[in-house]
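Some structures are shown below for you to check.
In what follows, chain A forms one complex with chain B and a second complex with chain C.
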Partner chain A sequence: MGVPVRRFDAVIVGGGGAGLRAALQLSEAGLKTAVLSKVFPTRSHTVAAQGGISASLGNVQEDHWQWHMYDTVKGSDWLGDQDAIEFMCRTAPDAVVELEHFGMPFDRLENGKIYQRPFGGHTQHNGKTPVQRACAAADRTGHAMLHTLYQRNVRANTQFFVEWMALDLIRDAEGDVVGVTALEMETGEIYVLHAKAVLFATGGAGRIYAASTNAFINTGDGLGMCVRAGLPLEDMEFWQFHPTGVAGAGVLITEGVRGEGGILLNANGERFMERYAPNLKDLAPRDFVSRSMELEVLEGRGCGPHKDHVLLKLDHLGPDIINQRLPGIREIAIKFAGVDPIKEPIPVIPTCHYMMGGIPTNYRGEVVAPKGDDPEVRVNGFYAAGECACASVHGANRLGTNSLLDLVVFGKSAGDSMIKYIREEMPTWKDLPADAADRSLARVARLDGQTGGEEVADVRAAMQRTVQSRAGVFRNDANLKLGVDEIAQVADRARLLQIKDKSKVFNTARVEALELENLVEVAVATLVAAEARKESRGAHAHDDYPKRDDDNWMKHSLFFGSDRSLRYKPVHTKPLSVDYIPPKERTF
Partner chain B sequence: MKKMRFSIYRYNPETDAKPYMQDYEVEIGPKDIKLLDVLTKLKAMDDTLSFRRSCREGICGSDGMNINGKNGLACLTDVASLSEPVALRPLPGLPIVRDLIVDMTQFFKQYHSIKPYVVNNTPAPERERLQSPEDRKELDGLYECILCACCSTSCPSFWWNPDKFVGPAGLLAAYRFIADTRDEITSERLDNLEDPYRLFRCHTIMNCVDVCPKHLNPTRAIGKIKDLMVKRAV
Partner chain C sequence: MSEIDATEKKRIRWRSRRGLLELDIVLERFLASGFDDLDQGQLADYRRLLQLDDNDFLDVVNGKADLDDAALMAIVRLLRAV
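Let's look at the complex of A and B:
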């Protein structure tokens, strides 16, 4: 086939925080780098992060990276890999200072240092008292960070391929990654991008749920590409429900609201988190708060005519704090909940927000997969960072503000690993396989040829209904088993997707169909992995197995799409320089 | 259920000799609150209808369009506030790729032309550069821009000279870096704008202020740049 080939040292798929941070590293090293993004980079979903980025700067109170590490391990419910967690928390202060030097407009304290606010699960002395660790730019920290990283890339002359959607990963006969295929949306043309190293920074896939804080573009494209290329996905049963999505609309209200002093109330006007988490109260980690909220609703103490949500009260903070620290939230509440939080509480419900699982990597950003007896053999030429990757720093539950940190820390470390790999191991390009573009061409040709098949909107709705109802905040055996069957049917229907628009120029119907194929891979992985895990850990709360079971289940799941099978690999219990943090009961 | 009428600009360069307005009638359910909700519904009915969208909460800047004659974001526009038939057109003044999708190359070129990044050649300290809360406050109302282009594409000066006039979005960004105490090249930035077109084509028509979905004020920022130019001239 005459598919045009373009050649680069490195190809980065995704122009959000992780992709842009990695791009900066590669561009400044003088490597020929292409950054592909489905949307103009500043439209990537990093832009929607609100509350902050964590680092133990200690600008307000005493803080240490070891405390940050402890909180992250405990937050992860001991599923996080302690080497990766140490790496992230130890690097955090430098990563945040670097962003400041790049020009990020952080809020400031009176002494001119970066402003830090309290956040869920952030503590001093390993869980004793809350600490102000979240470095913030009002409640637009993600926007400030993403624009700053984009701006820095403009300065570095990074080459962007805007509105290009990667379609498939290209691996050669040895399994090494040698490039990607991609669709230029404006022309409808398909290209092969030949590279010495490929980074996936494709973000999350929250759109598998019916109610999600995620953008339309969060369709798990990197994960779909991995499954089709025979690579596993790790810990896909763990999805974070953010406690405060606007009821009905799904739009995010930052945990920073509670960091600034906001509280959750049930129908009786009771601050119920005092009952569930006597120490951290409303600032317990997200999985914990979401379950508590759900229990309040299940036990009949929900608010509103349908008793289906709780209230987030912040009027007691006063207009000054709200306008200065939470202006975006006020705007969102007025626009999407119809209430002005200066006067009234915001109706909120736990809403799907973040994918803890993803493409298995180590803390250097290298993608790893089992080979023989070794569960973690490097896949040559392949890297992943950010929400699409599973390093795993978030384990079974991510702490708020660790996501933005993850993006810059692992974006940079993946970039460094790629530079080293390209310079030391890749004097020239490996050959492209003869069939490099075949899978992508076949997918697009099938869509162009299909008539009388399944409507994209219908299949997407069926998938979202299934995942929402079978893999929610609380799970049980019977429901998960049904979910596995139902999602298999959805996957069958997804093979017959049809679009009426057969044109080439900016065909968004085609893009949505290709995205849905990726989402369905993620949804299948989620249900299969969730059904198999017979314990409760972090965000995976199982009614039939309500306790964490470290003897049998302190291990990462690996999902393989070819036969929908699971394998497991051990959690990394050896940090890089400090002592192992052994499992404890998780109370707050 | 209430029905609403829409009239939407359609153009597919592969099949259409020229653009036309297509009428749609759609039932508005209880969940169809924002214009983007309705567009998503229309897309499920007619998958050839093309528009950009992503975050659906007014922070990514993808879904700027001309709504009943005024630029705005579909995701922040209440359907109930619109008079019928609701006329939807692409952002004015930019080349049209297809339907409501415009080619934003010129818009971003102008944004890039103002060096949209902090330049500070003093060796960086170990820790953060200090900035007082008052100095940081100078950036409020500037850094929040989402590059949706609603402002620049509502500006007659930008329509006439998109290649020469930086436009409200780019000039707002220019002042964002001038106002940043960490940036060291104010005078170079002013030189870069001292030109009959780049800055001075702004005739304070203030359409930009009127349409900005983030309630920013590019005209005020432009005025401040002009003040600085006057100040350094005397």
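Let's look at the complex of A and C:
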């Protein structure tokens, strides 16, 4: 085949929280495990998570995993699979205690137990009163998790391939996954990594939006690889927005600013949240505030020369409160918004934050796809965990602090499933297909040979504009239809991407072009799935269908890239051990 | 100290990709402005700076913390100014 081949029991693509947790399970079981990462593992995007990780430890207030489960089901707007949600919430206390035993430096109570802080959406007695369920390591929870898991992996002899970019999934004639192709950035060489089992933990794809809180690295590579390999993506219409990202930059301004008395103003200087949420005002739930802000802009009351944002005012709090209770906010506003919040308001817009959809899996971390009449047949040898996967625990809307939990619970669960599969079903490697590396080689060759084509920056900007304007916080039929056409044009242009730098070693231009190809697959999936869903549920707020429609739409979408078609599969309504939580209206 | 050639500069560019959006934005601006004017010594200092953990790096860039190393602080001042 002319491409060097390396063999492992397990190959894990992604060195964030999910990939590292899975790798640890495999390496500690004595399996030869490789972790690939585009960047040094502790610089994965998990490092950005500050808020914490949820678990019903009940250290501060009475709590039960059933209450956590209820909150998660309700948060998901009844699109989450209740078996997976039960599994996650029931396992959460053990998962957090395990991290503690691994040495993660959680904040503590005086009695030595892990301290827990409040976080939106988490309650006691099925929605009655807020509960303190979030465990944190100061404001560096994700950072602490990555360092803890990385150290354990080094000890367990996990082999790291840092600055390696996986390019494509390798499936054999039976459709089983037998490895990946990958680009070693340092040399520019393409390798085949042959494996008995492969796990994707490639994180989110928030860079499809023009306004995103995600770091540049979140380009949905795992999802792009799945689409090219003929596998579906689930629930791609659901993206969570954070109301207060700095306009033009995306950088997050925490909810704490509004908690301390910061208020949102429109172009008329009106505190518009009083109109939408007379009681909670600026502190209404994230999706509600985001939608209200977007309405102000759509109705022409946006601020600035393009009337495209609103203002977050905090100067009335005075410099003392701003400096003491909101450390770092002033620096962020000056650096990224160019305003000093002690004197001027900060321009903000609802900003893409989290991808609820992804690669379809079950709660064992096995990737599943429809075959014949069965909507969920295991894809042999293929696993996924973390933000790139859709288990589905977050359904139509994720609760804060449930993502870090998802990483460790399903990272471990997928690791266990892989161990079992390798030991019981895969005593040796399946043969590689003769054309294992062809697709990747052809992609890179096309890129290098392209002339008279499209510039990466132009196509990326066109994609981000389209997704932002057509599949943003507020959606409607006319806009989504336009968006589907526009994104198809962007996808056509992406087939003609060209790069000037054809050198091999650390060719960042090549990497960014390959990343953009993945982003575009995700963007197409998002628009097609969003256009088709004729209801409002969780993060999918549809102007023409403002109500949730359980009779027709309580189902997961599955997007297939080959013909851009959709299929649907039922939501899992049978938890593992407790009673089904039937749908109710989501009110606050 | 080995010379920082064109290839090494490309590696440094890639390592300017971080886990925090705030750093991505600052470093992208820097790569597009001051980076190409750095001399060999400054390049080596910038490369050392990139070894910081993302959160520590951001604190330094945002002016919430300083470093003891004067050479590194000289680069930090460039980053604070972009």
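Following the convention adopted for this analysis, the second predicted complex is superposed on the first by the 489 of 588 C-alpha atoms of A that agree within 3 Å, B and C clash if a C-alpha of one lies under 4 Å from a C-alpha of the other, contacts with A are read in each partner's own complex, and residues count from 1 in each chain.
Assume contacts are C-beta pairs under 8 Å (C-beta built on N, C-alpha and C of every residue); 3 or more make two chains touch, one makes a residue touch a chain.
These numbers come from a predicted model, not from an experiment.
*Asks:* Touch test for A:Arg533: chain B only (first), chain C only (second), both, or neither?
*Replies:* neither
*Asks:* Which partner does A:His101 contact after superposing on A: first (chain B), second (chain C), both, neither?
*Replies:* After superposition on chain A, A:His101 lies in contact with chain B alone.
*Asks:* For A:Arg140, using the defined touch cut-off, is the partner it touches chain B, chain C, both, or neither? Pick first, second, both or neither.
*Replies:* both
*Asks:* For A:Ile217, is the partner it touches chain B (first), chain C (second), both, or none of the two (neither)?
*Replies:* It touches chain B and chain C both.
*Asks:* Where does A:Gly112 make contact in the superposed view: on chain B (first), on chain C (second), on both, or on neither?
*Replies:* first
*Asks:* Does chain C touch more residues of chain A than chain B does, or is it the other way round?
*Replies:* B
*Asks:* Which partner does A:His68 reach: the first (chain B), the second (chain C), both, or neither?
*Replies:* neither
*Asks:* Please identify the positions on chain A that touch both chain B and chain C, taking each partner from its own complex.
*Replies:* 39, 42-45, 47-48, 140, 143, 186, 215-217, 249, 251-252, 328, 331-332, 335-336, 505-508
*Asks:* Looking at the complex, which residues from chain A come into contact with chain B?
*Replies:* Interface residues on the chain A side: 39-40, 42-45, 47-48, 57, 96-97, 100-103, 105-114, 137, 140, 143-144, 147-148, 151-152, 154-155, 186, 215-217, 248-249, 251-252, 328, 331-332, 335-336, 455-457, 499-501, 503-509, 512.
*Asks:* Using the touch definition from the top, list the residues of chain B that touch chain A in their complex.
*Replies:* That would be residues 12-15, 31, 33, 43-44, 46-48, 50-62, 76, 97-98, 101, 104, 108, 112, 115-118, 120, 124, 126-133, 135-136, 139, 143-144, 146-147, 177, 180, 182-183 of chain B.
*Asks:* Note which residues of chain C are touching chain A in the complex, please.
*Replies:* 7, 10-11, 13-15, 17-26, 28, 53-55, 62-64
*Asks:* Going by the contact rule set out above, which residues of chain A touch chain C in the complex?
*Replies:* Answer in residue numbers: 38-39, 42-48, 140, 143, 163, 185-186, 212-217, 249-252, 327-328, 331-332, 335-336, 505-508, 511.
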